[in-house]
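Letters A, B, C, D, E and F name the chains as they come in the text, with residue numbers starting at 1 for each one.
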Amino acid sequence: MSMTPQAAPTAKIEQEWIRDLASKNRRIDGRAPSDYREITIETGTIEKANGSARVTLGKTKILVGVKLELGAPFPDTPNEGVLTVNAELTPIAHSSFELGPPGENAIELARVVDRNLRESKAIDLKELCIEPGKRVFIVFVDVYVLDHDGNLVDASTYGALAALLKCRMPECEIRDGEIVYSGSFRPLPMRNYPVPVTFAKIGRTLIVDPCLKEEEVMSTRLTIGVDKEDCVCAMQKGGMGTLEVHEVTAAVEAAILKSGEIRKLIMEAAC
Amino acid sequence: MQKAPERLIDENGFRLDGRRPEEFRPIKLQVGILDNPDGSAFIEQGKNKIIVGVYGPREIHPKHMVLPDRAVIRCRYRMAPFSTEERKNPAPSRREIEISKVIREALEPAVMPEYYPRTVIDIFVEALQCDGGTRCAGIVAASLALADAGISMRELVSACSVGKVEGQIVADLFDLEDKYGEADMPVAIMPNLNKVTLIQMDGKLSRDEFERAFEMALDGCRKIRNLQAEALKRRCEVLTGTEMPEKGSLEAH
Amino acid sequence: MSMTPQAAPTAKIEQEWIRDLASKNRRIDGRAPSDYREITIETGTIEKANGSARVTLGKTKILVGVKLELGAPFPDTPNEGVLTVNAELTPIAHSSFELGPPGENAIELARVVDRNLRESKAIDLKELCIEPGKRVFIVFVDVYVLDHDGNLVDASTYGALAALLKCRMPECEIRDGEIVYSGSFRPLPMRNYPVPVTFAKIGRTLIVDPCLKEEEVMSTRLTIGVDKEDCVCAMQKGGMGTLEVHEVTAAVEAAILKSGEIRKLIMEAAC
Amino acid sequence: MQKAPERLIDENGFRLDGRRPEEFRPIKLQVGILDNPDGSAFIEQGKNKIIVGVYGPREIHPKHMVLPDRAVIRCRYRMAPFSTEERKNPAPSRREIEISKVIREALEPAVMPEYYPRTVIDIFVEALQCDGGTRCAGIVAASLALADAGISMRELVSACSVGKVEGQIVADLFDLEDKYGEADMPVAIMPNLNKVTLIQMDGKLSRDEFERAFEMALDGCRKIRNLQAEALKRRCEVLTGTEMPEKGSLEAH
Amino acid sequence: MSMTPQAAPTAKIEQEWIRDLASKNRRIDGRAPSDYREITIETGTIEKANGSARVTLGKTKILVGVKLELGAPFPDTPNEGVLTVNAELTPIAHSSFELGPPGENAIELARVVDRNLRESKAIDLKELCIEPGKRVFIVFVDVYVLDHDGNLVDASTYGALAALLKCRMPECEIRDGEIVYSGSFRPLPMRNYPVPVTFAKIGRTLIVDPCLKEEEVMSTRLTIGVDKEDCVCAMQKGGMGTLEVHEVTAAVEAAILKSGEIRKLIMEAAC
Amino acid sequence: MQKAPERLIDENGFRLDGRRPEEFRPIKLQVGILDNPDGSAFIEQGKNKIIVGVYGPREIHPKHMVLPDRAVIRCRYRMAPFSTEERKNPAPSRREIEISKVIREALEPAVMPEYYPRTVIDIFVEALQCDGGTRCAGIVAASLALADAGISMRELVSACSVGKVEGQIVADLFDLEDKYGEADMPVAIMPNLNKVTLIQMDGKLSRDEFERAFEMALDGCRKIRNLQAEALKRRCEVLTGTEMPEKGSLEAH
């Protein structure tokens, strides 16, 4: 059951200060409203995964592992592989993260990452079919949040995209009903590169890439996923506040601009 | 199992259920249809059938969940096992958990929880039959159920979905269009305050398409606002004795 | 773990009054001890279900949906379809109903509905077999309680029976190991029409069809399912009280009489 | 896997385990066989082997479950994974949950919980081997375990099952008869008060058959009442030192 | 999540006394440090199981049932049957045992029993294969603790071993892809007989076979499983205390000696 | 799927990863690599990659878990879904539950919980990649994370695994050796106090083999103790400003 969250523990006075700065288009770490924190992306961290990437976004640290497994397709898409995104807010990443099955925040995170990848048709799932209706590759994208300083959606999606770009799938064919692996590997059939840009509304100001303290003050969050053709492929409003109509359209415009830079960064890290 | 239809819009511009691209499905609304909840409402929108019950403000358990300066709002969106083409497993799905959250966040801005400190307001959205756009329909009915429960609100929340099907921007996608179309975008607003309380999108829209779709959604919400007001008016008439419709029917007026 | 329930919230004075009335064979809503509240049954409410019914029993409101799915039979009955009854006490139906997996009351409700249908052999499960040992129809009967004003067992069973009577199963056959649907539908093979009659013991009086306030006062509940041949097909005692031996036999006699009327009503609604 | 037997009663009127229709299986009862529980009992009835432990009256956790004017009674019926033909999954089944409830409700009328306000009495019924009629056997043993724990009771609860097999009313069905027979009816009573505390039925009985079966069950319960009294007497003798049987054996006398 | 347990409820003064006795190599029940309590083993208690055993170790009472079922092998051992050990601390066995899924103590218990059987290769799992990669026997060993007076690991493993020694598996073969049972039975292919010996450290004294009160006082527990060739096949340290290096080696030596006696006892009970 | 290798040690006495029997894998340790936890550490040992975060001493919820005279220590060992050859299901396995317990019990003797009554110290061991001996590696890193959090400790806990492969006693088994070898024995000690805090064994060792293996493990732990001390020293230098390495990297020095 979804429930009004407890108020953030940040001191009121610090919250006031963040709001005050925002009203002057300024931020606690000196960034402009449209600035991202430094993004670093390393790939291949986890050798046992088919693909992996480690992303830092300021102090936020994310690890993504991609595993391929054989399994059955969904009955209504017998010719397609399966994409499964899972996210864990590990308890080391923040003192408020709890043990147990994923809560609504982890589920929303996984579903927004999934939406970006799926709706932009980032992976050509048809090419993951080995035997129609029977055996396909299942792509497990596991997002592991290790240190939480805000904007998990963007960091996680960048990591997932980088890990997928680096992912190698084993070549195989069916002989006499049995799977035979050739021993060689090839990249996943990546067709699109969705890049979300996340905004936080503090007072009347929209900023991008909020850090955790900014998230604790923001009234509303808006994530806009943009694909390689500058089309919007995913949107998600979060938080208990509202948006003006013009804020939404302005955010879409800004996201289209911003996503290009970040995409370049991801593509470089993953080649 | 459903099969993918060959075309979603025919050569005359009609959709599979006979609608024009910009046409919304008919909506029936009914307020106050259950006896036990403090407020309730029922919405039928095409084949969507959703019933919402609100309990509260009431005491909260366990106590450590209390918020000292406002009511806690809880929301659960739930699909009945028989609501979908394939039977839905009764265990809560990730989809239901996410939708519960976005519905709560779409309604929070309209409620005035500071009037009810240390209490909880529970919103239960039961999707009895699902045919596309149920989160929006759920929000529309939940607004009414909150009002029926007498919860102080800044404004009603109205919601609808728009999207893209075979290259055209269309209103209010039903299930097959949602599944095989190119984009789906649920939007909720407080129409008289002109504030967006929900926006999500799945699919692919150019910036221009997005803006046309968004405009269509805002228009749709405003029209639904009128239907909501009428439904509340009918409910008031019942309560004040002006009229006496059959109480408790799942059929809307 | 089953546990003594908390006392009902009904005011003591109202409880006294209900007991007092009962001792004079009277009831709060003016009914005689052997009177049911008004029963209305509508079918076809849920078009996406194979069968559905909405029942109101006074202010109690129940919705039942029946879905057919293909699946494997139980190993010890390879030639029979499978009947599965599930009941949910949705949290909108009463302020005391909790979220989470079904508790003992929901489970008992489902099992008593199931017992009525199964033990009376209401459905000829053998006719639901498509390929012995491999593929049969599974009949999911899902009871959804929407407004709780007592006597859920009777309302739910009436709804389940009506929904099953209205249920349409797709005609199909096996060709080369694959299922081929003809596109036409036929009714389920219904062979019996069990109708439970539920009694509540208040003081020394047995009444039928208790409303919620009566349930809160009753010491004991007794459900007697009667089939179309006036045989008893299910019994269930509930509550923390006792029954006299003669009360049980009197209830059986009364149930056999009463069930006939109600069966007629259900059959009419479902044709 | 078990197969359906061709006949459940042979041409001479004997059942598969050699009993006459009206014959009950032999019962062995033993009281006080475990060290840790406050009360315990073991019943063997044919192949049924059930052990019951009672803890209480003891403090209740969490506190909000307290009843101010009486003890809470909790009951769990549980089938061991090895107790049935096919291994039972250790997760609690719906069957176990229902039986826990009906056993509790069969015992509640006999206990005097008003003597122990603000406490809990826990009854754990562990079915180690199941061969038909385990809820009745569990009630019989639980009554003894409650008495062994020194809980004040109005009367013992006695229970047995009757049913119909190949058209005949028979006593105390074992597993195969339960499965392939025509009806099974578990009954529990407080024999000296002549009150029914449990009645359930599965199957098909005409009114006349029902009355004959019910009578047979009442008779059976009264006989079991004598066995229960004897078992308690033996326990008393042990405790007062009159006799010293092997303590802790799962074998009954 | 594993968590420091609550202190035992035994009175401090009794705890002091037990420690004091231990320092003089004495014990509350008069045993020497190296003495086990009386062990009794009965087999065949549960006729519906393929094998069963009841063990009493002083006042500790354990029941073990073994069931054989057909199932699929693990993918990486297609020619081997499957051994599965499960343990339940039933709530009748001690007032501190809670309902619900197995906690860490029950899981550790099951895993140590499993480790003894598996690592000593007690069962030749290859002989449980019926159809490689498809059908094998799964051996379910279910340990049911009925009365807890300490040293559950030893009692449970002795019970498991005795039940397995008594277990009968149905003879069967594959004909035309179907399993055909001959109707006769044979013993499980038992190849080794692991016997654990458990030590408790109280103060500076190591004792064997602690009763519950001794367990409540001990700082450390050490179980050493010994196979029929006097090799160590399993070890498990428990508890929040430490062991001296020489204590470990001394315990291994003592366990090898002790296990022989106990093995004889189990073998006698199970033939 | 991995296949069983034909040999685990070649004719020249080298293991599959090129090590000599008595050779440990290289270890990289880094302390203080996460911002949110009160203490953190990272260990890389061959392909093992484990990160540990410690929170505490902090308030404990729910309150009834409080111990009046000491801190509660909680520990969770967790394998990431991508950490193993086959994807690991995210639900906690019995293996993880057992390892959480033995890690906690291996660390408890080193911590001085009596300094922090009524609080909890949480130790989260996240195995990001598993290649044999992760419980030992987790203990090594957890010790450092506890120290980094400023928790008072009697001594560091050092740990390593030894075992038997093709008849030889070998140090620090990696995954394939663990799986296809003859024995695996994880050991943890407080080296300067010479106390064993963890010992487990799976497999088959004669008494003589056990003693040689145990000695090898004790030696290994003492060497790892030095690496731990160095890692803490580096961390101190960072904190006191002597040196400024890249903070937050998962790469160790």
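We take it that a residue touches a chain if its C-beta (ideal position, glycine included) is under 8 Å from a C-beta of that chain, and two chains touch if they have at least 3 such contacts.
Predicted model only: the values in this text are computed from it and were never measured.
Of all chains in the assembly, those touching chain D and also chain F are E. Between chain C and chain E, the least number of touch steps comes to 2. Chain centres were defined as the mean of their Cα atoms; on that basis the chain farthest from chain E turns out to be B.
In this structure, the chain pairs C-D and D-E differ in their number of contacting C-beta pairs, and the larger number is found at C-D. With chains reduced to the mean position of their C-alpha atoms, the one farthest from chain D is A. Averaging Cα coordinates per chain places chain A and chain B 27 Å apart. Per-chain CA centroids place chain A at a distance of 47 Å from chain C. Chain geometry summary: the mean Cα position of chain B and that of chain C are 31 Å apart.
Counting partner chains per residue, chain D shows two or more touched chains at residues 76.
Within chain C, the positions touching two or more other chains are listed as 1, 99. Order of chains round the ring, from chain D towards chain E, by the touch criterion defined above: D, E, F, A, B, C. Within the complex, the chain B residues that touch chain A are 1-2, 65, 67, 70-76, 94-95, 97-98, 100-105, 108-109, 113, 183, 185, 190, 193-207, 210-211, 214, 218. Across the interface of their complex, chain F is touched by residues 45-49, 52, 54, 56, 59, 61, 63, 65-67, 69, 86, 88, 90-95, 99, 101, 140, 142, 144, 146-149 of chain A.
Those residues of chain D that touch chain E in the shared complex are 34-37, 40, 47, 49, 51-53, 55, 58, 76, 78, 80-87, 90-91, 122, 124, 126, 128-131, 248, 250.
Residues 1-4, 6-7, 75-76, 104, 107-108, 110-111, 115, 119-120, 222, 227, 230-245, 247-249, 252-253, 256 of chain A are the ones touching chain B in the complex.
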